[in-house]
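Before anything else, here is the set of structures, which you'll find just below.
Heads up, the next two complexes both have chain A, just with different partners, chain B and then chain C.
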Partner chain A sequence: MSLAGLQDGARVTPVARAPARRRRPRLEAATPGMGHGVALSLLPAVLLFGAFFLVPLGVVVVTSSSDWGPLGLSFTGLENYRILFADAAFWSALRNTASFAAAAVLIQVPVGVAVAIILSRRIRGWRLLRTIYFLPNIVSGAALALVYVTFYNPRYGLLNQALGTLGLDGTRDWLFDVDTALPAVAATWVFTAGLVIVLVMAEIAAIPEEVYDAARVDGATRWEQTRHITLPLLRNAIGVCVILVLLFTFAYFDGVYIMTGGGPADRTLTLSLYAFQEYSNSNWGYANAVGVLLIALGLVAIVAVRRLFRIGERDF
Partner chain B sequence: MAARLLGRSSRGVFLALVALACVGPVVWVVLSSFKTQSQIFGRGDLLPSPFSLDGYEALFTQIDVTGYLVNTLLYAGGGTAGALAVALLAAYPVARLRFPFRRAVGLLFSAGLAIPIAGLIVPEFVIMRDLGLFDSRAGMVVFYSAMWFPLAFVILRVYLSGLPPSIEEAAALDGARYFQLLRHVILPLARPGLATAGVIIFINVWNDFLFNLLLAPSSEHQNVQVGLALFRGQFTTDIAAILAGTTVMMVIPVAVFVLFQRQVIAGLTAGSSR
Partner chain C sequence: MTSPTRAAALGALVAMAFAGSGCFGGDDGDSGGAAAGGEVVITCEACPTTAPENDPFAQYRKELTDAFNDEYAGRYRIEAKPYTPANDADSAQHYQRAAATDTLPDLFTDQATVVRDVARSGKLVDFAPELDAGWKDTFQPDAFLSLTDAEGHVWGVPEQRDAVGIFYNEDLFRKAGLDAFPASWDELLAACSALKSAGVIPFAMDGDWVTQLMWSNLIGTSPGGPEFLQAGIAEGDYAADPAVVAATEYLKRLHTDGCVNEDAFSGDYNRAAAPFLDGQAAMIANGPWMVPDIEEAKLDAGYARSPGDGLIVIPGEAGWASGARDDAAREAVTAFMTFMTSDAQMLRKALVTGSYWPTTFDPKARQAKRLEPLSYDLLQQADSVAATYPHAKFATPQAFTDAWINQWPAYVQGDLSTEDFLGALSDAVQRQR
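Showing the complex of A and B:
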């Protein structure tokens, strides 16, 4: 979205709720000329979906157990995975991806929910504020990466200038110091909760006013209403947001590729960057083993979060 | 009363801090792109004074920014048009007609949104190469159409199923054939849905980095994201030009968002709740 910004072309990933079936389809495809039309109409989507989603999925799974590169392919069983689990760079990538995921779930989502609850009270300027919070999701991950490369620069970056002005140490090279690189990278996106804000605000707007009536009669304060009525009712929306931010962090690429290249000492390497590096090194089979784990991680996250948040059950 | 005032001001501080973290560095970079090199290094004011276009001049003379912008526009425009066309053709029957495997087809295309395509870089490269689409502008347009039609499909399906059922009844009485119906009745009615999906897809394709880098690596096929991000690596000394480039990368999506904010927000809400 960057809709995502949310980084990496920010793909909006739909998750929850079975589609509501409001209406019975009226026209039988069996009407003369229609069946033909329907088949023809679906054809481009079927072809593109096959070529760019289904076939790649099959290829990535099958060839993850092969030694594959520009020169040829030979199947090697589970050798890639065996090497992978003994590969220090892979563990770094997994650990960093887990750290980013934790930052997304524990900071990005709560910040977004809090902002959404406040803006939903329609405070003065809420529309403008929502636009401001959403802007980083509109700007490309690549541009944001360049912004923060400048922001963190030890010689002319705003951060060190500000620290220097305050009399603090203003010489640290944040992105290339093994102690600060990972949090410095996470800080570039963890407070940009635009997508969470928009989704949670939409959900709050859908809660019927009557839900609050009894609480108001009982004299509950606004905070009590938020805490005991609104928040529990946001379960579905928050669950969807958790899934989205997790999928974005698993695919996190542009920022680390541009800001750090995964360094220093693999401290900011992510799984998708590692897969790309191995692809660039012509280790296609090995890159695909990383890709399979990336996809599996995404599926596990979707299933687990849906269970945990009981997504799909309606409360109102 | 005092507690309430305190609550209100801490709320304000919280909102301001989040806003600062979101756009502070971006605003600083945009402002700094209008400074001279010596002002940037001078640790001076936040605002440029004097206002300078040195960075932009250096940027546009050193590299083919216009070429990158033209490519990006072609990819974003072509990819959006392709994704919308494919999605409308597929979403209409799934949303409103009865045919075998209707539900399965709907689920399948929607699932396209949950597939983390970043895990598929090698097969995407190989398929593009084998189809003769690798490192070409037409290839990028086809790829972006494929990558983004599932999102448009989901948005359009929701939108189309909300239209009244009388449409097909009237058309059936007229004896209109399938594609006539689609072209003359459904297409005009679907415009708001197409706009919503189109704006989101346009911005996303405009901002793509990974797949342009992967699938069309030669310089004359790069978009503005890849072209200018790699430019930074080559010329690290001309900071003003880099800041100007960063600003150029951001300006179109921000303009599109400001103009079509309603569509973006409606589309995200529809796209993610499914």
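Showing the complex of A and C:
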């Protein structure tokens, strides 16, 4: 197989062609009576899923159309959504959530993929480096946020002390300055790409070595192998990583709650934090309207990324 | 009349009022007040079963619970089911959820604003009948201000009434050549300049509690300010009040002139407490409960009324409220409230916690000598200052504090006008109403 063949795309090579779809045989046909057993074994999971996910989800969706608080509940149709779309704090939260999502997709995923590719070459100390990169994913988000609160402190924080030592401005209140709050919060997690690294490294390990052998025979350099073999074959893994980091940023709460509480002036407010704040202020129906939009946003993102990356289609 | 006798007499009085009122909340009496061999058992989420050494309030409440159970053994018994919230917002949600699900405890405490919010559910005991039967005369006139609604319902019984002044580090004042605490707001600005020149942080603030205390002082010492803090603040439309606008702009100036610590925006009280207790900041506004920390830090500290001759007096900041659902439980709750506010218990609480009574208790000279002098002296000044007023935080819902923490840094940095900042606070309050 030539390098040109790989460049043209997986569709021209037998190994890269997606298998023809086949109708799966029905279980009952394969093993009479087995369907009931499967259904029975699935029942606990289905019941738990229904009780702990579907029912609460239904409650959230239904009550999002109500004025619900400690005093009671009354249905108000789409009034919550009408108020929400005229609510400046909601638009700030949506804008900030989109900014966090963009930072995650444009920084966290590329950084993770790049590090994974480098570590996959088994460079010296790669296991140690992989562990170090993954460590922030093990530490609780709240604990990390508390560390960063100290790190950014304008009076005694490490960052300002370092800047002062270098003769730069060492007085800025990074987390509460309207110009720096958003990037300062994003910087606390956007470079911690441990999960992306592990997922991508696992995918790289699954690429057949013969593909690289063929490329090397054709005289491909390491960069050419990465560009024309590794990256295209990582499409599924990268797509999954994009979905994961998007869902993480949509649900991002603990760090921003501890570091800034959404301030200053809503500069770091996220949708999940905004829903929490409204809940805290006893506007339960309104909080659930924010929650419904958050769920919708997540669903749209999943569908869009799945289509964009053709997740699920096999390359070899 | 001795204290225990007085407490018993009051108990009988309010019990009679209880019997006469015949309107004790409650529906079916299926929980709370469970009788066990004639003994009425009431649940309490503010009664700890253990008390850490560094928490005098928990120590006192445990002592109070045990003393009540001993005093009323065989008749009433408190069953402690302690609840420890992560923060104020957590506590507010907890009791709102409990009200919504009809699972409020027979006894609990929270800030007056939370108690009033929970009362909107209709699930709290209204103590007005008992108080109107004469019990109220044993309290200071302002004791129930923050626990009473517009219709005259009284949703809780206060356990303390404190004067909140400004602590100042006398060593740092001397270092800056200052020999007295500023008596006016102009003098405060001059003191800030002197302290800055001496390399000292003039004022410690946090962007929330402490900062709002100074905002309250600035408003309260202005014409019409006390009335605003007592009533107008709950209405919103702050930008229309010149006293509020002037106070807000003065407070901003303290920040922009470098009179406060650099990390004064987080909303974390520790950001203000730490530089004062470390001896880096010269002043901090706070209540008498800070005295033990100041003593531990071995600071040579004074405690003063606000510049402009005013004093924040917080009555009923922490109110005891009840979700009792039957007559027996309510009777036991009332007995507890009466016991808790007896002279003996009020004195004991002041000695253990450094926090003072909302009642008319007048300690004898030998009793007063045992009280912490800094805070007790300041409390006595409440009768002679030009103005007393409440803390803004206790006259507003949680949404006000959320909006303050959120918008204050942006306002100080010039990202918002005074009108916009006050408009954001007003919106938060009006929306919550």
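The rule we apply is simple: the second predicted complex is superposed on the first by the 268 of 316 C-alpha atoms of A that agree within 3 Å, B and C clash if a C-alpha of one lies under 4 Å from a C-alpha of the other, contacts with A are read in each partner's own complex, and residues count from 1 in each chain.
FYI, contacts are C-beta pairs under 8 Å (C-beta built on N, C-alpha and C of every residue); 3 or more make two chains touch, one makes a residue touch a chain.
What you are looking at is a predicted structure, and each value in this text was computed from that prediction instead of being measured.
Peer 1: Using the touch definition from the top, say if A:Gly219 reaches chain B (first), chain C (second), both or neither.
Peer 2: After superposition on chain A, A:Gly219 lies in contact with neither partner.
Peer 1: Which chain makes contact with more of the residues of chain A, chain B or else chain C?
Peer 2: Ranking chain B and chain C by residues of chain A touched puts B first.
Peer 1: Please work out whether A:Gly167 is in contact with chain B alone, chain C alone, both, or neither, and reply first, second, both or neither.
Peer 2: Neither partner.
Peer 1: Pick one for A:Phe176: touches chain B only (first), chain C only (second), both, or neither.
Peer 2: second
Peer 1: Can A:Val115 be said to touch chain B (first), chain C (second), both, or neither?
Peer 2: After superposition on chain A, A:Val115 lies in contact with chain B alone.
Peer 1: Is A:Thr192 contacted by the first partner chain B, the second partner chain C, both or neither?
Peer 2: Once the two structures are laid over each other on A, A:Thr192 reaches chain B alone.
Peer 1: According to the stated criteria, A:Tyr279 is in contact with first (chain B), second (chain C), both, or neither; which is it?
Peer 2: Both chain B and chain C are touched by A:Tyr279.
Peer 1: With the two structures laid over each other on chain A, which partner does A:Ala265 touch: chain B (first), chain C (second), both, or neither?
Peer 2: So A:Ala265 only meets chain C here.
Peer 1: Check the residue A:Pro232 against both partner chains and state whether it touches chain B (first), chain C (second), both, or neither.
Peer 2: Neither partner.
Peer 1: Should A:Val149 be classified as contacting the first partner (chain B), the second (chain C), both, or neither?
Peer 2: Both: A:Val149 reaches chain B and chain C.
Peer 1: Residues of chain A that sit at the chain B interface in one complex and at the chain C interface in the other, please.
Peer 2: Comparing the two interfaces on chain A, one with chain B and one with chain C, the shared residues are 149, 155, 279.
Peer 1: Touching residues of chain A toward chain B in the complex: what are they?
Peer 2: Result: residues 1-3, 5, 8-17, 19, 22-29, 31, 33-38, 40-42, 44-46, 48-49, 51-53, 55-57, 59-60, 63, 68, 111, 114-115, 118, 129, 131-136, 138-151, 155-156, 158, 161, 164, 187, 191-195, 198-199, 202, 240, 244, 247, 250-251, 253-254, 257-258, 272, 275-276, 279, 284, 287-288, 290-292, 294-295, 298-299, 302 of chain A touch chain B.
Peer 1: Note which residues of chain B are touching chain A in the complex, please.
Peer 2: It is residues 11, 14-15, 18-19, 21-23, 25-26, 28-29, 32, 40-41, 43, 85-87, 89-90, 92-93, 95-99, 102, 105-106, 108-110, 112-127, 131, 142-143, 145-147, 149-151, 153-154, 157-158, 161-162, 165, 168-169, 172, 177-179, 182, 200, 203-211, 214, 225-226, 228-229, 232, 239, 242-243, 245-246, 249-250, 253-254, 256-258, 261, 264-265, 267-269, 271-274 of chain B that touch chain A.
Peer 1: Where on chain C is chain A touching in the complex?
Peer 2: So the residues of chain C touching chain A come out as 89, 92-93, 96-97, 99-100, 117-118, 120-121, 207, 261-263, 265-267, 275, 397-399, 402, 405-410, 413, 415-416, 432.
Peer 1: In the complex formed with chain C, which residues of chain A make contact?
Peer 2: Of all residues in chain A, those touching chain C are 69-71, 149, 153-155, 171, 173, 175-178, 261-267, 269, 277, 279-282.
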